[in-house]
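Take a look at these structures.
Shared between the two complexes below is subunit A, which pairs with subunit B and subunit C, respectively.
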Partner chain A sequence: MVLKILQKIRESVERRPREIDVAKKDGQKVLGWIGYTIPEEIIHALGIIPVRLGRGGDDRLVEIGSRYISTQNCVFVRASAGLLAENKDPYVQKSDAVAFDTTCMQVYRLGEITKYYFKKKTFFLGIPRNFQTPHAREYFTKEVEGFTRRLEEFSGETISSDALAASIGLYNNIREAIRTLYAHAAHDSLPVITWREVYEVVHAGYHLDRQEYLTFLQDLVREVRETHGSAVDEKPPKDVRILLSGSVIAPGDTKLIEIITRLKGNIVADDLWSGLDPYLQGEVREPTLKGIADAYMDRVLPPAIPCLDQSTDTRLDNLKRGINESSADGVIYHSLRYCDSVTFKGLEIKEFLRHEKIPLLEIHTEYAQSDVEAIRTRSEAFIEMVKFRKQTGGRI
Partner chain B sequence: MGKINGQGVYAGVDIGSLTTKSVIMDTGRVIGSSILLTGVHPEKSGTDAIRKALDSIDRDQTDLRYTLATGYGRISAGYADDTATEITCHAKGVHYLTPSARTIIDIGGQDCKVIRLDESGNVTDFIMNDKCAAGTGRFLEVIASVFKVGLDDLGPMAMGGKESVPISSTCTVFAESEVISLLARGEKPENILRGIHNAISNRVAGMAIRVGVEKDIFFSGGVAKNAGMKAALEDAFHEPVVIPAFDPQLVGALGAAVLAGNLGSEA
Partner chain C sequence: MKEIIPAFGYPEEVKPLFLETEDLVFGDGTCITTEQMWDFMTKEGPARYPYAFNTQASFGGQLSGDVTFLSGIRQNYLSMTHMDRIRDMHAKGKPIVIVRGWITSEPYYAAGCISVGPPFPRGWMLQQIQGQDFRQASLRGMALLEEARQNLSIESCNLIAYLALLKKNELPVSAIAPAICTGCSDMAYGTVACRTGPIKVPAFFMDYPVNHGSEGGRVEYLETEIRELTRKLGDISGKTVTDEMLAAEIRRENQARRIVRECQKIWWDANVPPTNSIDNSFVHLGSMGAFDYTVAIQVLKEYYREIDDRIRKGVRGYGLRSDPARLFICGSCVHPNGAFIDKKGGVIVGKDDQWSTMTMDVKESGDPYENLARAVSSHPYERPTEERAEWTAEQVKDSRADGVIFMYNWGCNYQSAVAGMITDIIKERTGLPAICIEVGELTRMESLEQSQNRVEAFIEMLR
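Here is the complex of A and B:
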């Protein structure tokens, strides 16, 4: 049974391109963005429509993107280059400019390509490499201020304290609602909303009007809580509970998720930058640009950031917390071809989890369908292994 | 040998990319087997292999209590009572043959895997090669065709090499052209083949780092029939590698039959 609000979200996603057309006719500008650390609060406070761009799973787009960058660049970046080159995606078409941050240097280079080849107006936001030092915070605060000034010129508006405070409040509430939905998917023995549905809702938020999106999220949380009581009588699933980690799994990239689901693996959580991670922390406590900069520096680091002071690297602890909170039986570590930062981290994470007695399966893939059978065999063997261990004494 | 629960006759069938194998067991003992080339219809290959194995011992399908299919063709095995991955089946087969085995190197027609198992024959970790045919049976077939010798001749020739010529790639296409260049340069075929075997074994050893290696190391799959590869693996792992008297190409099918016995006795 599909949740009523989920159905409404799907209908709203269908309508959204037409709504943006109307808004543009009324003079609103649209800023597409690709990356991890773009503070949407600022875009929204300036009356600009933010849309997060990027699609996965389409090898045709990879092929198009490969005409502009090396075939040995990250497959998601190549697909995104293809998306921008083709200019058929409604959100790419409607974007008056595209913003990129330097969290992932391949994404930053994509910004350069976008400016050079596709003649799109571009904005860049510099990201420090060592989030916890005072210098890094000072640098990032200045970057956020500069980014804001450039967007003010772009929109013809000056950001007001009231608009910024309202926008910050809106995004704090969005983060809280998404965390709540994730918790329901991960904690309930028979969840009313599944991880895959929550993931779909997160991706819907890339495009929907953010105020409407928050209303949907809060209504969805309410519906999940109200529906939960009628479902608890059924037996809880005995499936293998899986946490997905690794490279971005962008909208449209369903290959691995479908393989795991068909094998009756139960994905219950993720620590993906296209999933829960941007919503975990990042509560903006001070309604200023500095407050935004500080909050974004406090978020979980994505794999692309080389954390130079390793004592401040919380990624492994974050993964462990996600595993414990979701009672995951194992981790499937998804690395996209030439997503080097994720590939490099694979063995370190596997060793870390080995000590925690949590099994990890590495899946190295791309958007072509030629490896479906190979991934299926690996995933099935992993599920067989974990299931047997679960039956005979818990975690490995 | 390990014990299995099954009372009665059970079949395991391993439908691989190049060959299909079947093993028939009766009350925990192997009583029949077959190996044939996989055709274009994996389902037919599976049923043919089982029939051939049964024919070899004057039995027929009605004698079978439970059948379990593995290998890439398992998804087309509607005739089987159950399926399991080749990783699980190799672990079961190896444990049946050598209960002390803790690491399995399996090199088949188109893939290569390292499997870790515990004292009960359960998989604790595994890794498979990437999707290309580098360092697999198919790779060796291509190399054999370059030297215009049979697959069975490769191992003895490699063991006759006094030196190992470094081979920079285990990519089937690149290695083929590299070997042709080395022959043109006047390198001895035996030395080149020793280098080829070392390149494959070093690649397997590199994979094994991700899952760890513990004795005893067991070598299965069709390529385990190649004595030169066994020697190269022992060099790379600095440990003896076990190949049982039982046909190593049948280990996956054997594990499928062992599992069939266990599951069939529960059914």
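Here is the complex of A and C:
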């Protein structure tokens, strides 16, 4: 059974490129973006169409991207370089400019490559790394203000307080709806919506009109609540509950998810920057640019931001909270090749989860299909082990 | 039976010349006489570090054979004894702080710390066992790299991997305090990885804001970061760093940078290269200060006088061909083997990374933090890549290079990402050939054949 609203979302995603064409003919500009910390509220408030770019899973794009950026860069960055170089993706084609933030400095380098080789107009937003200090917030607020001024020039519009307040409200509601859907996927004893479907919905939001997207999300939440409790026989069994952590799993990158699903592993949660994380703790409380800057600084730390103090590393707290709230039995730590920010933390995460008595499997991979069987073997052994230990000794 | 290749040695006939040079005077007033230096380089050094005097072709760290280039010998002395001096300074209470890159040294030295690079743990552990020959030292180095990688990641560059040795080995390191910038992808995450482990070393860093496109706030942020870094370094050393102390350090390092620039200018303008590739490493004295800027400045002055004299007399660096292919090297940390390049008919004329720092001239009056922030914020190497490439192209022209090699080590994400773009721009601006070479040899003593083959082919093409 497919949820009706989910079906509608899929249809809307199909239609979206044509809708954007119409909007562009009417004079609207499109801003593509890649990163983690671009405040879409500002883009939306200026009447610019925001689209989040980047694809995973396609080794062909990785090869194309490698002609411009290095083979020492993570495959997501290389594939995204390929996507921009090829210029066949409808959203890349329709983007009048592309914005990058410096959360991950490999993405910053991608921005430089995009500007030079692909001749795209680019915007950059600087992110402080000593994020916890007052002067870092001050710096980031100035960065956000400068970013806004440049977008104002780009759009030919001046941002109004009313438009900003409306956009902030819209995005706060989107975040809340996505958190609710995640909670349903993780908590419901017989879930109406699976994690994978929620993940698909999150990625649909990269492109859909944001007002329409919110309506879909709220309708979907309603449908899930109304359907909750009725028999749904197409959902996977919930015997081994898995939380996915680590590097970005971008749209199109289904290799690991497919393998886990086929092995009857049940992904119930994630702490990915391509998943739930951007929707946690990002509530903008003050309808100003400073309010936006503060909210984005308060979000869950992405792995790309180095945090030297374990006791204040919200990423670890978030992982622990995600495990507890979703009652995950194990964590699969997905690290993309040359994603140093995630790979270098592998040993620490293992130690951290060992202390929490949560089993962990690290999968280090890229977009080639050559390691499918190796990943399958390791994942199967992990799932079997977790299942056995769960059956014999309860939660590990 | 294989032929035994004799070790390198400084000939006795050079000794009288060397003894005519000045004694070395360090920042704390310590004096090392020329006699002591000569004894070390001819007796104690070869006994303690036999590998350093190896001349096998496969050894990538050979001493320069230019035995009459006396400031080169003095620089080698500083290099070969630096661990001894660091040990002594540490014993007298100076904290050792691991940094990365050449953004600024002033806060570290103003706070009374010794700033060392990420491979310090390797160097320290390697020299614990003395008397090793080339193979023994090489194998020991590889074992340390393996241990380090096991505690970090197989995808770490060799240099940064050594940080992980701190997790399980008691080493005299008081803090890790690098600048986080585009120069190095691995330092930030390598430092974070050190927060766990049986041994925890205090860590903090200076955030270098990379977005140059912003209208305001960048320099102010950097200034506050430098203030915070200096304060924390002072906490480590137990010193309160006053504005005057930082200003004095700025003046001192400005002096070193000025001499480096003067050396570089006359070297580049010379009709024939006055030193070979190994001895053309004075930039390092300006950027790392030989862990003591007082002595570094002394040697730099001598360096200038000596190469100026050689240029006037038309002396060519030892081992160079009559018309060597002039190579400008780009990229962080790693560079091709100088001895090999010279042998194959090339010569290294410059490098972009440390040279970038040497172009910095910090204003000496006014608020030293603001002055430092303004100077540091415009490092050519840290500018947006297109601007950096334009600057590099100018350096390539000024150095009268015949070709450019962009070399980066395995695991270096940020430099590798823009290597192609920079070489493309340089080719366009200068019309010169440029090549990108990825290597895995940083800190390795041997097995350099792959990169050497490529470098040799490039030199042959240029010639």
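As a working rule, the second predicted complex is superposed on the first by the 385 of 396 C-alpha atoms of A that agree within 3 Å, B and C clash if a C-alpha of one lies under 4 Å from a C-alpha of the other, contacts with A are read in each partner's own complex, and residues count from 1 in each chain.
FYI, a contact is a pair of C-beta atoms (placed from the backbone, for glycine too) under 8 Å apart; a residue touches a chain by one contact, two chains touch by 3 or more.
All of these numbers come straight from a predicted model, not from anything done at the bench.
If you put the two complexes together on subunit A, you find that subunit B and subunit C both fit without a clash. After overlaying the two complexes on the shared chain, residue contacts for A:Y68 are found with subunit C alone; subunit B is out of touch.
Looking at the shared chain after the overlay, A:R389 reaches subunit B, while subunit C stays out of its contact range. Contact with subunit B, but none with subunit C, is seen for A:S370 once the two complexes are overlaid on the shared chain. With both structures placed on the common chain, the touch criterion links A:Q310 to subunit C but leaves subunit B unconnected.
Residue by residue along subunit A, subunit B and subunit C are tallied for touches, and C comes out ahead. When the two structures are aligned on the shared chain, A:Y338 is found in touch with subunit C, with no touch to subunit B.
Shared-chain residue A:A381: touches subunit B; no touch with subunit C. Of the two partner chains placed around the shared chain by superposition, subunit B is the only one that A:P359 touches, whereas subunit C remains out of contact.
The superposition-derived angle at subunit A (between subunit B and subunit C) is 70°, Cα centres, a multiple of 10. Of the two partner chains placed by superposition, A:K320 touches none, neither subunit B nor subunit C.
Using the contact criterion defined above for the overlaid structures, shared-chain residue A:L347 touches subunit B and also reaches subunit C. The superposed three-chain arrangement places the nearest Cα atoms of subunit B and subunit C 5 Å from each other. Across the superposed pair, subunit B and subunit C both touch subunit A at residues 347. Note for the complex: subunit C touches subunit A at residues 151-153, 155-156, 180, 182, 185-186, 188-193, 195-196, 203-205, 207, 209-211, 213-218, 220-221, 224-225, 228, 384-386, 408, 410-414, 416-421, 425, 438. Of all residues in subunit A, those touching subunit B in their complex are 347, 350, 359, 362, 364, 370-371, 373-374, 377-378, 380-381, 384-385, 388-389, 392, 396.
Listed in rising order, the residues of subunit A touching subunit C in the complex are 68-74, 77, 102, 105-106, 108-110, 112-113, 115-117, 123-126, 128-130, 133, 135-136, 138-139, 141-143, 146-147, 149-150, 306-310, 337-338, 340-341, 343-348, 351. Contact residues on subunit B toward subunit A in their complex (touch as defined above): 72, 84-88, 111, 122-128, 130-131, 210.
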